[in-house]
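Which chain is which? They are A, B and C, in the order written, and residues in each are numbered from 1.
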């Protein structure tokens, strides 16, 4: 297991309620976990606890245990944690501190004590995979939102952590930029060398990539299942404020009204829905 | 990463500019063939040497030298007009003070202008001091006109400034830019809601600008949390320790190799600085009494030599 | 925004078992406050340019405020930012700005010391707090700064000895008035937020 969480509870300073309650979770190595749920349910808090931001950078009450590759996060040093867990924030600008994109990329690697040759190699690789090679000399503040987020991802990739967490990476960028990000995630998943944890509201694009989906509700894990099982009970998901893809809700209705067999997998994408609708119409004796 | 200039670029149309927080720098400049530390030492020479020089003609020459270097460096000289108010008002202020409060010394020579009496010695001293100040100012203007923020930091780190110090300076410069950007956004939001500052009294405008600082300070608090989280996520800690306990490498600085030209320039500049320093402190070569203008004025006004 | 509480001592006193350590957030706050000072200082010098005595310099408010809130981190920022703001505005060349460093440091740290020593609340809740602020946050620091700065100018031969008092006076008045106006507004309305932040320093380093 890459990440093991036992009875994790966390309350921020100056608040009255626990933001995380009784979290128990194991995340296998090189798997892809999608974390979903409405705002203010504990998604960011959960990934912050995995990355070590909690409790190192926040004051509060911490109970339980988070272990990354067997090591307790709350006892680890920043530089060691950064070498194991990379975190991409939702607001890319909030994580830029250097004058140029190139400096942003090398900053983390210098902290990890890489030598010049390794820095150069990782820099070129990360810039290439995120398609930002032409931006290296630019200020990270003078590029578009999508480019900023790609730079943020490149900064993490350059450090080559075994676990990469992306907290709402597409929330502040345009549709084309979002597509770029998901393409990068797809490539990373296919490479199979990292454990990926992605907090997202864009479930249509997240679900096809994820090995498991985790729903956070009021600081607790409400559901953890592979995508096929996760959407089985859409009423359950909707009651907990999750935006379920409309095609899934449509498929659920088809099943409930007997137009699809009960064992039929629910669609998660438009293509799935079209195929399912054809099946339903054919079963009714119609033409597709 | 220095920009190599070609002959065509150097003799062609004026270079386009790049906006930095600290001003405008040309995209192409012969100065970029020099290492940032060489440019820093040039600044330390031109910006500090006037302190040793009390002869106004020499400081005027330094100012002209700075202007020539600015022109050679393909800097847009029209940008210098933002310094005109300071240059003029410093002259007015210094002149006013020396007229109203010249001090008392029996050796001072009064000059009766009819409506006011001035004293030659403090007036000429102030005149010389003014040109020293402006010469130092132009040294600073030259430096900020031919260095982007990254060049400044590379230059400082080349002089072995500790990483945390250079990081703080870099982040401060970046923070100033963010602060101004936030200010602009707040202003635009208010303008979009119909605020018309031109119709306001000056006092109300001052109050308005002061009130802007409240959200700006609040944003800074949030930013401090975000940036410190980002630094933690990148493995940086307050001790600056790197993984493995070794020395922190400076990749960006490694991209700026020192050339023979740089070493020659540095040796030359340091030698000039030392010579001028010794000449003045040891032998008074640049003392105000050695100024040809001063000597001429004494002759013209029949004032005995000091 | 937090409401005023009766006991101002609570702001500076450590709670039982409370441990405060310098952290990255303090280094970052130092840098951010230096950036704020650069902008405010440059703007002030350019808005009413008179030269190195700046008839209107709100930057000193940033010096006092920063040191009150963040202790030595604010004090270091107070010393650092004039190096850049003076260069950007042309109001003082670099060697002179470097010579101003001790004066600038004191302009911040006097307020930091006074608020902690007299246990004044940064949000200026009582008349005592206002008195401490005006005297030790504005008048005394600027008197020290103006005296130091004008002495440096004499030492560098940029003004005559006879001009020192006039320079001192212009400096003192030009700094004190904007400090009182600007500093009072910022302390009053922003202190409650700062006190709850991680960067706030009850002592001098944390």
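In the analysis below, a contact is a pair of C-beta atoms (placed from the backbone, for glycine too) under 8 Å apart; a residue touches a chain by one contact, two chains touch by 3 or more.
What you see is a predicted model; the values in this text were computed from it and never measured.
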Result of counting contacting C-beta pairs for B-C and A-B, higher pair: B-C
Chain of greatest Cα-centre distance to chain A: B
Whole-Å separation of chain centres (CA-atom averages), chain A against chain C: 43
Mean-CA-position distance for chain B and chain A (Å): 47
Distance from chain C to chain B - Cα centre to Cα centre, in angstrom: 23
Sequence positions of chain A contacting 2 or more other chains: 57
Overlap residues in chain B, where contacts from two or more other chains coincide: 167, 171, 173-174, 177-178, 223, 225, 227-228, 231-232, 236-237
Per-residue multi-chain contacts in chain C, two or more chains: 24-25, 198
Interfacial residue positions of chain A with respect to chain B in the complex: 51-53, 56-57, 77-83, 86-87, 89, 91, 94-100, 102-103, 106-116, 119-120, 123, 137, 141, 155, 159
Residues of chain B that touch chain A when the two form their complex: 1, 148-150, 153, 167, 170-171, 173-174, 177-178, 181, 223, 225-237, 241-246, 248-252, 254
Of chain B, residues touching chain C in the complex: 22-23, 43, 47-48, 50-51, 54, 82-83, 85-87, 89-90, 93-94, 97-98, 100-104, 122, 125-126, 129, 132-133, 136-137, 139-141, 144, 164, 167-169, 171-180, 183, 210-211, 213-214, 216-218, 220-221, 223-225, 227-228, 231-232, 236-238
Parts of chain C lying in touch with chain B, wherever the complex brings them together: 22-36, 38-40, 45-46, 49-53, 80-81, 84, 87-91, 93-96, 156-163, 165-167, 170, 181-182, 185-186, 189-190, 193-194, 197-199
